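Next, two complexes with subunit A in common: one pairs it with subunit B, the other with subunit C.
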Partner chain A sequence: MNLDKREHMGAVVVELAGEVDLQHSPRLRKALMELMLEHRDVVVDMGGVSYIDSSGIASLVEAYQMARKGGGRFILAAVSQPALRVLQLARLDKVFAIAETVDGAVGA
Partner chain B sequence: MSDTRRVTVEVRRLNTHYGTRQILKDVSLDVREGEIMVIMGGSGSGKSTLLNHLLGLLRPTSGTVKVLGKDINTASALDVQELRTRMGVAFQSGALFSSMSVGDNIALPLREHTRLDAMTIGIMTRLKLEVVSLAGFEDLMPSELSGGMIKRAALARAIVMDPKLLFCDEPSAGLDPVVASSIDDLILRLRDAMGMSIVVVTHDLDSAFKIADRICVLDQGDVLALDTVAAIRNSPNERIQNLLNRRTEEAEVDPDAYLRRLLGERARQDGEDDSQQRHLP
Partner chain C sequence: MSVVDRRFPATPARLTEIRAAVREAAFLLGLPEATAGDVVLAVDEACQNIIRHAYCGECGDIVVQIGRDGPHLVVRLIDFAPPVDVSRIAPRPIEELRPGGLGTHFIREVMDDVSFLTPPDGAGNLLQMTKRIGEP
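And now, the complex of A and B:
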C-alpha cells in the first residue's frame, strides 16, 4: 500500500494506492485519524487502489464518521473499479460522498 | 485459450480410505482464482470427505492437496495456521458458538488472528452482517436465529477476514427456495466483489447450475465429470443424466456379498483366498 499526502486548494488529498489489506490498513487508519483530529477537509484519491479489504473500508468509515461529527468534509475520489465493487457489496457507495475526480471533490 | 489465472486449490491423485473402505479414488482437480467450483454428487459420493481433505482435516492415503500454493499435509503448523487466516469455511450446520452472540461469533476470527483495534473489528463485523442481510442482529444468540439466518451468519463469519478462498458446505440445504436463492446470489456477489475462489459442496442442482463456473461430479468416490455447467448439462453420460434428472439407480446386486451381509459375515480381507475361507472353522 502506498499512502501520500498533499495539499490541494485548501484540502488534504490522501493518495491511496496498491493493496489495502489487514496488514496495511492500521497505517491508513492512523493517518486518517490524525487528519480528522485536525478538522481538515480530506479527499482520498482512490484511483490507484488495486484491492481494498473490509479493514481498509472500516478505516474509511471511521474517518467519515469523524468528519461528520467534526464538521469537516471527507470525500472519496476517482474510486477504482476494484474498490468500488467492494463499496457496492456493502452498499457503502450510497453512504460515502464520492466524487469522480479529485478536482471535482475539492471544488464540491 | 488456456486459463492463466492463479491456481488456488490443486488436488492430485487423491486416494482416501475410512478403514479398508476406499472413499476417494484418484481424484484430481484445480480451482483458479475467482472461480466458483461446485462439488456435486449424491449422498455417499465422497463430496464431504473431499471437502475435509481440502480443509486439511483428514490425511489422505496417497496424493497431494495444495491450498494457496502450500501442501496442506506437509506444511508446518505455523504455515497451516497462516493458511487458515486466508481461508474461510461456512459449515453446513453453521457451527456457531451457542454461548456467544452472533456479533461475537463473527468477530472471533478477527480477535484471534489480528491485532486490529476494537473499533475496526466492530465496523468490519457489522459490515459483514450488512453484506449477508443480517444488519441489527449482532446481539442475538444463535438459538434465536432461523435456519436461513444461521447459514448467513456462518457465511459472515467465514468471510470476515476477507479470505482468498471460501469453502461452503451445503450452503442452501434445508432452506426454502427463496432464501436458498438469496444465498446463491450472495456467493456470486462475494466472488465478483472480492475476487475470491469459492468451493461449494452441494447436492442442490438448481444452486449448482446457478453459481458454478465448473462442476465436479463425484460418484462413489470417482470424478465422473469435471467441466463447465453447459458441458455437464449436455453430458451424454448416463450416470450424470440420472443425477441431473433425479433418477434413482438400481444398485447392482452381488449375490455373494449380499448373502454375507445378511448372515453378518465379514467381507474377505485382502490376502485371504477362497481356500483359506473354506478352511476357516
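And now, the complex of A and C:
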C-alpha cells in the first residue's frame, strides 16, 4: 500500500494505491484520523487501489463519520473498479461522496 | 481435482501470498476475472476471521485447499485453533453504518455456499466455500 498526501486547491488529497489489506489498513486509519483532525476537507484519490478489504473499508467509514461529526467533507475520488466493487458489496457506494476525478472532488 | 493445497502461517503479512494463490487457482479453473476477484476477497476475509477470531493473535497455520467439484470451485480453509462457536458467526445488518463487521457479509454475499464441516483429525475448524464456475 502506498499513501501520499498533498494539498490541492485548499483540500488535502490522500493518494492511496496498491493493496489495502489487514496488514496495511492500520496505517491508513492512523493517517486519515490525523488528517481529519487537522483539515476540514479530505479527498482520497483511490485510482491506484488494486485491492481493498473490509479493514480498509472500515478505515474509510471511520474517517467519513469523523468528517460528518466535524462538519467537514470526506470525498472518495477516481475510485478504481476493484475498490468500487467492494464499496458496492458494502452498500457504501451510495453513502460516501464519490467524485469521478480529484479535481471534481475538490471543486464539489 | 485440487489445484492448491498449501499451508500458510496465519498472519496478516501472509495474506498477500494467500490472495495470489487463490487468484492463480481461480484462473486455472476458468473463473471470469470479476468472479475471481470476489473469491479472492471472500477467502481473504475468511482467513482474517481465522487470524483474528480463531487464533486470537496466537501463532497458527491455515491450510488452503482449492479445487473443482463439478461446476463449482471449492475452497476449504482448515485451521488448528479451538473450534469456533458457529452460532455466533453472523453478518451484521448491512444498513448500520459502522466501521467493522463487513467481512462475513462479503463472504456470504459473493460465495454460493458457506459452511463449517467436520474438520479432519488434529484440526480445529474446516470452512468450505463454493462458487459456481462461469457465473457472471
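Descriptive notes on the structure:
Basically, the second predicted complex is superposed on the first by the 107 of 108 C-alpha atoms of A that agree within 3 Å, B and C clash if a C-alpha of one lies under 4 Å from a C-alpha of the other, contacts with A are read in each partner's own complex, and residues count from 1 in each chain.
Simple rule for what comes next: a residue touches a chain if its C-beta (ideal position, glycine included) is under 8 Å from a C-beta of that chain, and two chains touch if they have at least 3 such contacts.
No experiment lies behind these values; they were computed from the predicted model shown.
Overlay on subunit A: subunit B and subunit C clash in the combined arrangement. Touch criterion met: A:V95 reaches subunit C, while subunit B stays clear of it. Of the two partner chains placed by the overlay, only subunit C lies in contact with A:E19; subunit B stays clear of it. When both complexes are overlaid on chain A, the residue A:M9 reaches neither subunit B nor subunit C. By the touch criterion stated above, A:D53 is placed in contact with subunit B and with subunit C alike. After overlaying the two complexes on the shared chain, residue contacts for A:L37 are found with neither subunit B nor subunit C.
In the superposed model, A:V86 makes contact with both subunit B and subunit C.
Across the two superposed structures, the residue set of subunit A contacted by subunit B and also by subunit C is 21-22, 51, 53-55, 57-59, 61-62, 82, 85-86, 89-91. Looking at the complex, you find that subunit A touches subunit B at residues 21-22, 25-26, 29, 51, 53-55, 57-59, 61-62, 82, 85-86, 88-91. Of all the residues in subunit A, the ones that touch subunit C in their complex are 19, 21-23, 51, 53-55, 57-59, 61-62, 65, 82, 85-86, 89-91, 95. Against subunit A, in their complex, subunit C makes its touches with residues 12-13, 15-16, 19, 34, 37-38, 40-41, 44-45, 48, 51, 94-95, 97-103, 105-106, 109-110. If you check the complex, the residues on subunit B that touch subunit A are 114-117, 119-120, 123-124, 127-128, 130-131, 160-162, 189-190, 192-195.
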